[in-house]
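Next up: some structures, all given as structure tokens.
Both of the next two complexes hold chain A, though its partner changes from chain B to chain C.
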Partner chain A sequence: MEQILHNRRAILLLVGPALLVYSSVVLLPVVWSLVYTFFEGNVIGGFHFVGLQNYRQLLSDAAFWQALTFTLKYAVTVTAGQILLGLLLALLYVFYLRRASALVRTLVFFPVVLPTVAVAQLFAKIFAIAPQYGLVNAGLALLHLDGWIQAWLGQGSTAFWVLALMDIWRAMGFYAVLLYAGLVEIPAELIEAARVDGASGLRLVWHVVLPLLLPILLSALIFSINGTLKVFDSVLALTGGGPGQATTPLTLYMFNTAFSYGQYGYGSTLAMALAVLSLLVTVMIFGSARRDVA
Partner chain B sequence: MQTTDDLDLKALLNRRQFVRLAGGATLGLAALLSGCGGESGGGSSGSGSLAIHFLSVQQAGTGWPLVLQTITADYARSHPGVSFTVDYIAQTNLYQKVQLLAGQGALPLLYNSPPVDTLLQLQKNGQVLDLEATFRQLGVLDQLVPAAVTIIKQLFNNQLLALPFELNIEGFWYNKSIFTRYGLQPPQTWDELVRLAGQLQQHGLQPFAASGIQGWPLTRLIGNYLFRKYGPEALLRVKSGQAKLTDPGYVEAAQAVANLGKQGYFGKGVAELDYDPAEDLFLQGKAAIFYMGSWALRDFNNPARNKIGAEAIGYFPFPTVAGGSGSSDQAPMNAGQTTSVNQARYNSAAGDWLAYVARHYGDVALQKEGAVTGFVVHQQPASVPALTRLVLELISQVKQPVLWFEALFSTKATTLSQQNAAPLVTGAMSPQDFMAAIQQALDQG
Partner chain C sequence: MMRSDVAARSSRPAPAPGFTRVPRWPPRGQRSRQPRRRSHLRWLRRLPVRLLLVLLLVIEVYPLLWLLLSSLKEDAEFSLKPLWALPAGLYWQNYVEAWTTGNIGLYFLNSVLTVFPALALILVLSVPAGFALEVMRWRGRNFVLLLFLAGIMVPLQILLLPLFTIYFRLDLIDTRWALIVTYTGFGLPLTVFLMAGYFKAIPRELLEAAILDGAGLAQVFFRVAVPLVSNGLVTVALVQFFFLWNDLLFSLTFISSDQLRTIQTGLLNFTGQYGQVAWGPTFAAVSLAVFPTLLLYLLLNQRVIKGLTAGALKG
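Moving on, here comes the complex of A and B:
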């Protein structure tokens, strides 16, 4: 084996095809997209060089700042919800339900395998006000809380929370299973020893379980923030970015700009902004991970 | 046992073999990638044979494709070798698909027209046929209804760049039974309309059914208000830069529609309502008035959808605005989703077929689909539904057709206008901000 790995020709042959495919379908478009940020136009009318104009437009574009704010607010809220509820569920499985947890685990995991569009339809119906009241509004009507009946998805403020709720519900089962795997790996003797020393409940979790779970917790955090910063399908399926642009994340704004408005240059500039944002967050997480874990 | 370490790859693979293998892999990959592209779209080849492809947002066997299939089947009897194929694309993806195909020179002979700005770019690239010149040369220009020609020319920079497979008149459809029950009359002025809505609400009825998700059923009202206030030139002046949407008179139109929303006349769920549920509110008698184009007749004439009965539906034109220079015989009209012809694929065989279509489209569409089109009808079918007859009559009376609010806007301005319509009527966005956002998009070009 060593001999093969010392043979450059062999390495090139083994890695080459994959590298070629990767370069042509990933790296090349990324570089291409970067070039587009200095151009404006579309495939029909042709492209022309505009220098830094797209970047100047970005800074003064209110819609961009709104989309950026929404993306960050959404990413923080949903990641916090997914990890926290995932953790609580995992603790529930291990310390409370124990061997009986299989059924609950399956049930909570179930939404993960459902298609996003189906889940979005479900939530749209639950929170509907027209043409018929959905479950929530019907429930409020039944309790004579008529003042609370509202168009949950028709107002930016409430639509945000419905969206966050949907994505937390959809993914918490996944993080619960991930963290559960981490929890069962913690040696029973350690927990036992802590118990003998008098630690229980919150103190046991905070001082013993969490520090031992940290590597898995960080992986979960990276998974979650990575998914939420790039949220697209659930927004498109539930609210379409509306009402107005109230729930439009950067990804959807970028998609609309490039493919609906035919502004490929400015769309690429928005993509670049999203890439820089993702890079910053990744660096931040890995920075803290190096201190704590490695 | 032999381990992988024992394998000597160097011995197995000399330089020539390596080059051959690597070259093969590269060629294979290139072949794979190039296989992703390829020719589609169709057109004509050889003498007499003609393969017509139609990039359409309607599926084969429905709507315009069905009419064209019927006509082509008839035509093929005397012209063997003519075939007709529909390439379906969802409405929301049309613009992208047209761009993609146009970029590769693969746009078919017939395609649903993309937004105005894109179509004009396509024209520069020689992918849009000037139908006025073509139809004149083919001797079938008289097969087009003049009103249809007028609105298509208004839309496309004074050129006939699309076929009017539909011809619609817009206005308010109302539930006659409800109006009779409460002794109400169709309004003549905007103020009367607002008063009428208030009365309906007092009787516990939702006055208007409208889709906030689509947005355009709401912005149509803004556009019509402007046509009534400033006359048919209202939005042409915005396009030419003589007026801004942020001018007080223009903001007034947005304010008037926002006020309807503020009073709750569109119902609580307007922002969440899509096209079909909104129409159902009207057709199930839960809302009294429905602003829509006459394409909705397909549903009005369908007893499965229409629970109030076709005879219970009446029509009144958009009312006049106090002190406005427009009048209610300037009717909002459109040719629906239009269809353009690709100049690059056009030849004499396609011309013969097109002339045949022009002579028969009006008749076949009315017989098969009960559809009113921009083509002249030669033979009225024996039985035409009453509402369809009403629409035919209304269209024949139109003195001057006007377009709709976003007709002359760029794609971005159009999208913003329709997306922000719901926030406008729910009070989440002020009329000033609504108009300013669109004007800004227009200024960007």
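Moving on, here comes the complex of A and C:
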């Protein structure tokens, strides 16, 4: 039996093809990308070595800092919204709806599976101003709040909030289910014991439920922030990064640098900066959590 | 008033015994004998939550309903009537226009022709890999598993330029192969990782018994192990389907001709061309992109939810 499970040729046959495809499509490009950060050029014009030039450019590039600021602002806002609303929904499912929550869970999860481009298109129409008012502006007109009617997607400040709203709407059902699964796992006896001791309502949630939920909350936080730091589809489909550069995140700036201006070296440097950023944030969350627990 | 209020508060069931298996107090029979006023009070107390629920459902469902209704309106209706009015009739012409003139039909076919081959490849590659990583005994097993795990974290953007260079050299830019290969490689890490988890859940004695009974490795794999993880197989396939079907970035990068666009890039392009003026066909096109996914989700929702959240926790 041991012989069968140690069969090297079989192991190679089983795991080899997957490892080969994975290495050439994912691992090799990661290393390749790192090499690109020391070069400049593109596939058509050829490449030349520039040393650390791309990294120096990064530090003095105003557009990079603007994109970074937008990315961080967006990531913090949307992650906070997703986790907070997800948590509230999960508490609602567990404490108020109980067994009857399956239908609501399913409905609120709806938008998670929808194609981003389609959702963005829908939101663009809801917040439209031309050629005619969308749902929001038409509703404001009906309520005679004419002063509020505006080009929601045509100005950086409001476009940011529409974008954030859309991505929170899209994902809150996902985090609700994730946290719900964590809440159901908490032993009923623990909650009951806390109740007997006189804890209820907010105090119960804050002092008993949340600490027990912490590991799942942490996973959700890391998953969410890693997704929002890499936002691309929603931005491209809803605002195209505009007006001007106002809603351009790092990902879109990288994409434009590489494919509109043909700068693969600087594009790779931007991608690398993004990867380092997500890694840093993840490690930071882990680190602060460990301190809390200890 | 004060007194009865206090009494009501002390005798009502604990506000939130939501956790399963919590004994209800007071038991149902007793509660029904309470005076009517208290049940009114109860109803009032629950009102905010009920309103919140209704609001929640409106926020989740109304946009989609509005989308569906709008897709059946003639263009003139958008400017002449309120946006929330019901369509005057069923104007299917929008769908015809989106599907044929707007090329949505073609984009749909392209998506099917890239996503399903990639999905098949992912499964064919990752099921044996998961088996080897979890059931077989060899040195370096944990290292390889870790290698796959690292891939889950890699941002897509890092892969873009090197892959573009490779495909450009191999003359694969603007072909379906570029997408199929990328989708496969990119879908592998999570799928391998989840499959390994499913194989781990099989009791080892079961596999050992099969071997003792004289089964070869192929028989153990095909006759015992794979049937036991078939449930998990469907789940990971579903998860990957949603990821790949909704892909925008790769399709945008590797495909340039309109003839090969997938549904997401096609829709992006479509709304760029028609979006400003023709709302009817645009809504129809968006509906065509949304409702098949929605239908699949409605049929298999519990499985989809479980699969997608499992991916998040493991990753």
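Quick note on the criterion: the second predicted complex is superposed on the first by the 268 of 294 C-alpha atoms of A that agree within 3 Å, B and C clash if a C-alpha of one lies under 4 Å from a C-alpha of the other, contacts with A are read in each partner's own complex, and residues count from 1 in each chain.
Convention: a contact is a pair of C-beta atoms (placed from the backbone, for glycine too) under 8 Å apart; a residue touches a chain by one contact, two chains touch by 3 or more.
What you see is a predicted model; the values in this text were computed from it and never measured.
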According to the stated criteria, A:G244 is in contact with first (chain B), second (chain C), both, or neither; which is it?
first
Is A:A275 touching the first partner chain B, the second partner chain C, both, or neither of them?
second
Quick check on the superposed pair: does A:S260 touch chain B, chain C, both, or neither? Answer first, second, both or neither.
first
By residue count, is chain A touched more by chain B or by chain C?
C
Which partner does A:R9 reach: the first (chain B), the second (chain C), both, or neither?
first
For A:F95 in the superposed arrangement: first (chain B), second (chain C), both or neither?
second
Figure out whether A:D146 sits in contact with chain B (first) or chain C (second), or with both, or with neither.
neither
With the two structures laid over each other on chain A, which partner does A:G154 touch: chain B (first), chain C (second), both, or neither?
first
Check chain A for residues that touch chain B in one structure and chain C in the other, and list them.
1-2, 4, 7, 10, 13, 17, 21, 24, 43, 124, 130-131, 259
Please output the residues of chain A touching chain C within their complex, sorted ascending.
1-2, 4-8, 10-11, 13-15, 17-19, 21-22, 24-30, 32-33, 36, 43, 89, 92, 94-98, 104-119, 121-126, 130-135, 138, 142, 169, 173-174, 177-178, 181, 184, 186, 188, 191-192, 195, 200-201, 204, 216, 219-220, 223, 226, 230, 232-233, 236-237, 251, 254-255, 258-259, 264, 267-268, 270-272, 274-275, 278-279, 282
In the complex formed with chain A, which residues of chain C make contact?
14-16, 18-22, 49, 52-53, 56-57, 59-61, 63-64, 66-67, 70, 78-79, 82-84, 121, 125-126, 128-129, 131-133, 135-138, 144, 147-148, 151, 153-166, 168-169, 181-182, 184-186, 188-189, 192, 208, 211-212, 216-217, 220, 242, 245-246, 248-249, 252-253, 263-264, 267-268, 271, 275-277, 279, 282-283, 286, 289-290, 293-294, 296-297, 301-302, 304-305, 308-309, 312-313, 315
Seen from chain B, its contact residues with chain A in the complex are 3-5, 7-10, 13, 18, 21-22, 25-26, 29, 33, 95-96, 99-100, 102-103, 117-118, 121-122, 124-125, 212-213, 267-273, 277, 280-281, 286, 410-412, 415, 419-420, 422-423, 426, 428-429
Mind listing the chain A positions that touch chain B in their complex?
1-4, 7, 9-10, 12-13, 16-17, 20-21, 24, 42-45, 124, 128-131, 149-151, 153-156, 240-246, 256, 259-263
